[in-house]
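Each of the next two complexes has chain A plus one more chain, namely chain B in the first and chain C in the second.
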Partner chain A sequence: MRKRTLKRGLSAFWWLTLVFLYLPLAVVVLFSFNAANSAASMTGLSLRWYHQLFANDQIMSAFGNTLVLALTSSLIALVIGCLIGYGMYRHRHRKLGWLIVLIYLPIVLPDIVFGISEMAFFVKVNELTGLLGPGLGTMIIAHVTFQIPFVALIVYSRFVGLDPSLFEAAKDLYASPFKRVVHFMLPTIKPALISAFFLSFTLSVDDFVISFFTSGPESATLPIYIWGAIKKGVSPEINAIATLMIAAVALAALASLVVNRRKA
Partner chain B sequence: MTDTAVLGRSQGMVREARHLLFTVTPGAAWIIVFLVLPSAYLMGVAFMTNGPYGLPQMPLSLDSFKQLAGFGFLGWSPGNLYTLLRSLWQTLVATGLVVIVAYPIAYYITTCRAKWRPIMLLLVVVPSWTNQVIRTFGWMNLLAPGTPLSSVAESLGLIAPNMGLYPSNFAVTLGLVYNFLPFMVLPLYAAFEKLDTAQVEAAQDLYATPVKAFWHAVFPQTLPGLLAGIVLVAIPAFGMYVIPELLGGGKALMLGNLVANQFSGGSNWPLGAAGAILMLLATFAGLYAMRRIGKRLGGGEEVVI
Partner chain C sequence: MTETSTAERHSQRRDEPHDGARSGVDAAGSERTASAIHMQGLHKRFGASTVALDGVDLTIEAGEFFTLLGPSGCGKTTLLRILAGLEDADQGRLTIGERDVTEVAPHHRSVNTVFQSYALFPHLSVRDNLAFGLKMRGVDRAEREARVERIAEFIQLGDLIDRRIDQLSGGQRQRIALARALVCEPDVLLLDEPLSALDAGLRSQLQVELLRVQKRLGMTFVFVTHDQDEAMVMSDRIAVLNGGTIQQVGPPREVYERPVNAFVARFMGHANLYPISARQGQRVTTELGELELEPDLDTPQQGGGELLLIRPETLDVRLGRHQGVNHLAGRITERLYRGSHAEFRLAVGDTTLQATINNRGRRLPEVGDEVTLVVAPEDLVTVAN
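Now for the complex of A and B:
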């Protein structure tokens, strides 16, 4: 009897929490279709903010920057992180404490400290050598830095989950290390590589603070553009961009659900 | 051991060492050059003097730390101290609230049918996949003056007329709780999933009240998850920048804003760097404390995030 009331209470709390979690997103989506230029009242439905969005060069270039940044940084981080993940696995019997500390550093460092460190450093290097002026290049460097640990840890845990005798078998099967990598290693860790790439991509698109401090005048990404627009005074276009980004996340969530279903 | 075997072994060792060098060097060098060096430089900046354009200059001094403690040109002012205390307070309150919400949610998910659990976890996590700026903007829309939520709060007499729930300290707390809830639900769920229910049943058989049963049979078992959650919530919350900046409206600044403003406005890099050092110290102290607590209460190994 008491158990049933408890269960019912918990269920109600669960639904309330879901409302709490999705309400802010729902409001953004709703107001993106608002006919009026207001953040407080809906007057009717319209697509005018979406039309304005696609006509806005700044937004389109921010969109392009976001994609270029996420793709390039994820690919670089994938290669470097994969190598270091494999190195950690192969040499796991050695004392690699310093390496673990190094890998966790980008994860535990507060965003803001991360961002301003990079910014101060890039400014100094630029002053001394003329290299690394703020722009997409510095942003890519910064993003790769926080993506490497995640790739490394995912790849590492995939290797740890493998049967060690597989490596022996591969050694017997393929004489050259190159063939071993192409025919055994890469195919076996493919799922880890795919999820590491998607995680890196998401982390890059999600990031605001580190991008903000390493960006240059020409390299604003969508989050930076939105930030600026909010600071200047709310423009309803923001709702439309934000809605498109929320839709992308919803699609990614659905995709991950389908992939997990297929695995199960 | 024959000579050839020794030779073979040392060759193998050389190969292994070369292998280690080849795989680990690019990543390690990347993090050292692009993160360790910059952080070290930033720490150095904290001990330099503020130049005319907010850029660091020689000579070395401790001015920035004095300024952080509130000593300026016009004597001592409590502004920075308030900001520090506010950061601590917001972190404590938000973490506490997150724990209170996350416990029942994590428990509830484990009581549901196995096939629903991944979907429920996904539902909790998905909002945090959207950009932080967008999520916070959503709350700005919800809490602004004239919105239904603000009107309700107004009619209840909680806020002054036409003030709105945002910008305020309350909005910042709410934003923090919203932002960090998934980071507490996930580790707690993992802990609840491994829960040994025999202990709970034993407690009930011995006529323990639900509170006592929870405290003695459930809580210790979920402690590793809770500690991991606190690390994941409290540390980033303490250095939060976006949420206080957007939802606090300048009246609810936290340490992250104090630091960032010294750099984005170009006003005082050494002061910002001193704030960053404080944040780093808090981060490492927090990590250390959690590990100590975790070890003392058992299950310390699982607290490693």
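Now for the complex of A and C:
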């Protein structure tokens, strides 16, 4: 009897947690289809906010910036992080603990500190050399910087999970160093690379603080646009953007999950 | 090594037949040659203090099933890895066939390895695993496919060829690992404790299979194990290693029955060893008493070793007291019944001794029985300490 009560309590707790997590999202999604002008009442379903959204040049340009930023930074971070992850694996027997802490620092550093430091650095470089003016370029550099540790960590743990004699088997079976990369290493860590890419992509789309400090006048991303727009009050348009972003992130997470399932 | 000398070595290999090569029939039924291996003064150290190999000189004949045997840390795996090119010797020379491969990278050596963990590529199917070596060597697709089909049939796993690696059992993986190495038709096949992960039944089945494959292909096999029974079943010759040096090289019977020193004697099986306190002609005195041996079996350097070796199975255990040459009076203190045979621990004078007798339906002595142990002079051998 008491065991059953406990079970019910736990299950209620679980549902409560889900409600807290997803109810606000559900509200945003629902109101994005609201026909009325205000968030106070729901008068009917309509796609007018979506039409308005796609007609808004500012939003479309912010959307384009977000996409370009996320894609470019994720790809660059993937290459660099993959090399670092492999390096960490190759030299795992050396005492490199301090180096690894150094690489993980950006993960634990508060975004605001990170963003301000990046901004200060770019401004100084810009003053001295005229390079690195605020814009998509500086944003890409900043995003790559915080994506790298995640990629390196994912790639490293994939390598660590492998039987070390696989590397020797590849050598033993006549693979030259280049062929070992193409025919053994890359195919073997492919699932890790794919999930690292999706994670980097989501982190980039998700980021507001660091983007805010490193962006230029022409390079506002969706989160920056939303923040600017919201100062004038929450418009149903914002709900529509939020809904699209939720859908995109959910799709990316799902894709990553499916890819990993199939490869594991 | 420079580019030119690598190229020269390659062309040399193609043009000239190997010295001392022995021919056999490969999986395709065509003639192939096996290669001899020469090792000269191989030294290897890990870090400042660990000596893995301390001067190894060894010749492995073409077409031989050769085993490197020893306890863990004896250097057998290091030696195998040097043969594969996965480790470089600090000093010494290594020749396979006619070619000096001391500094040749593993992917330029005609040597393949069956790894202890099998090391099958998880991202590839069985077929692609088998084809990996051929593909890396640039064998064209048609020939590659034909050879893979042939080898899969040869090891009787043709129906598994499109499976994924994680769908295979341990024994199947072992066979695939063997086939993946064999399909490249290397000059030498290296096997690093390939059966150690399997259970006893499957293990002895695969021992027989491996032996048949080797005899049929006539390929040089270098096998590493710490299991002396396995070494004796499989090998044409065994090298027993300890502390980075070779203790003895010889056919299984010689290594087991005529070990050169106490280490080899103990490692190959149970050994009753007694220091020799006095010797007069062919009679030696130990704690057991006076025993007679065949003069030409008084081995180590024929001057005679310091220890007398009695293998447990060479002792005849008779109930009661009897008199005669090499008769020892003893009392049973322990009996271990093992079905096909029984092991006895006996007290003889002030010392103990172990004897094994085959179970042939006769009465087995009991603990406490007074017995007489008889050993033939030709079964006694002396070894160095």
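The definition used in the following text is that the second predicted complex is superposed on the first by the 249 of 264 C-alpha atoms of A that agree within 3 Å, B and C clash if a C-alpha of one lies under 4 Å from a C-alpha of the other, contacts with A are read in each partner's own complex, and residues count from 1 in each chain.
The rule we apply is simple: a contact is a pair of C-beta atoms (placed from the backbone, for glycine too) under 8 Å apart; a residue touches a chain by one contact, two chains touch by 3 or more.
Since the structure is predicted, the reported quantities are computational estimates derived from the model, not experimental observations.
*Asks:* Contacts for A:G44 in the overlay, against chain B (first) and chain C (second): which applies, first, second, both or neither?
*Replies:* neither
*Asks:* Using the touch definition from the top, say if A:G130 reaches chain B (first), chain C (second), both or neither.
*Replies:* Neither partner.
*Asks:* Using the superposition described at the top, determine whether chain B or chain C touches more residues of chain A.
*Replies:* Here the partner covering more residues of chain A is B.
*Asks:* Applying the document's definition of touch, where does A:F184 land relative to chain B and chain C: first, second, both, or neither?
*Replies:* After superposing on A, A:F184 lies in contact with chain C but is clear of chain B.
*Asks:* Taking the superposition on A as described, I'd like to know which of chain B and chain C A:D172 touches: first, second, both or neither.
*Replies:* second
*Asks:* Contacts for A:D163 in the overlay, against chain B (first) and chain C (second): which applies, first, second, both or neither?
*Replies:* Touch partner of A:D163: chain C, not chain B.
*Asks:* Tell me, which parts of chain A touch chain B in their complex?
*Replies:* 7, 10-11, 13-14, 17-18, 20-25, 27-28, 31, 39-41, 80-81, 83-84, 86-88, 90-91, 94, 99, 102-103, 105-122, 124, 141-142, 144-145, 148-149, 152, 202, 205-206, 208-209, 212-213, 222-223, 226-227, 230, 234, 238-239, 242, 245-246, 249-250, 252-253, 256-257, 260
*Asks:* Give the list of chain B residues in touch with chain A in this complex.
*Replies:* 16, 19-20, 22-24, 26-28, 30-32, 34-39, 41-42, 45, 101, 104-105, 107-109, 111, 118-120, 122-124, 126-127, 129-135, 137-142, 144-147, 178, 181, 235-236, 238-239, 241-242, 246, 256, 259-260, 263-264, 269, 272-273, 276, 279-280, 283, 287, 305
*Asks:* Mind listing the chain A positions that touch chain C in their complex?
*Replies:* 162-163, 165-166, 168-176, 179, 183-184, 187-188, 190, 263
*Asks:* Could you please specify the touching residues of chain C with respect to chain A in the complex?
*Replies:* Contact set of chain C toward chain A: 84-86, 105-108, 111-113, 115-117, 119-124, 132-133, 135-137, 180-181, 184.
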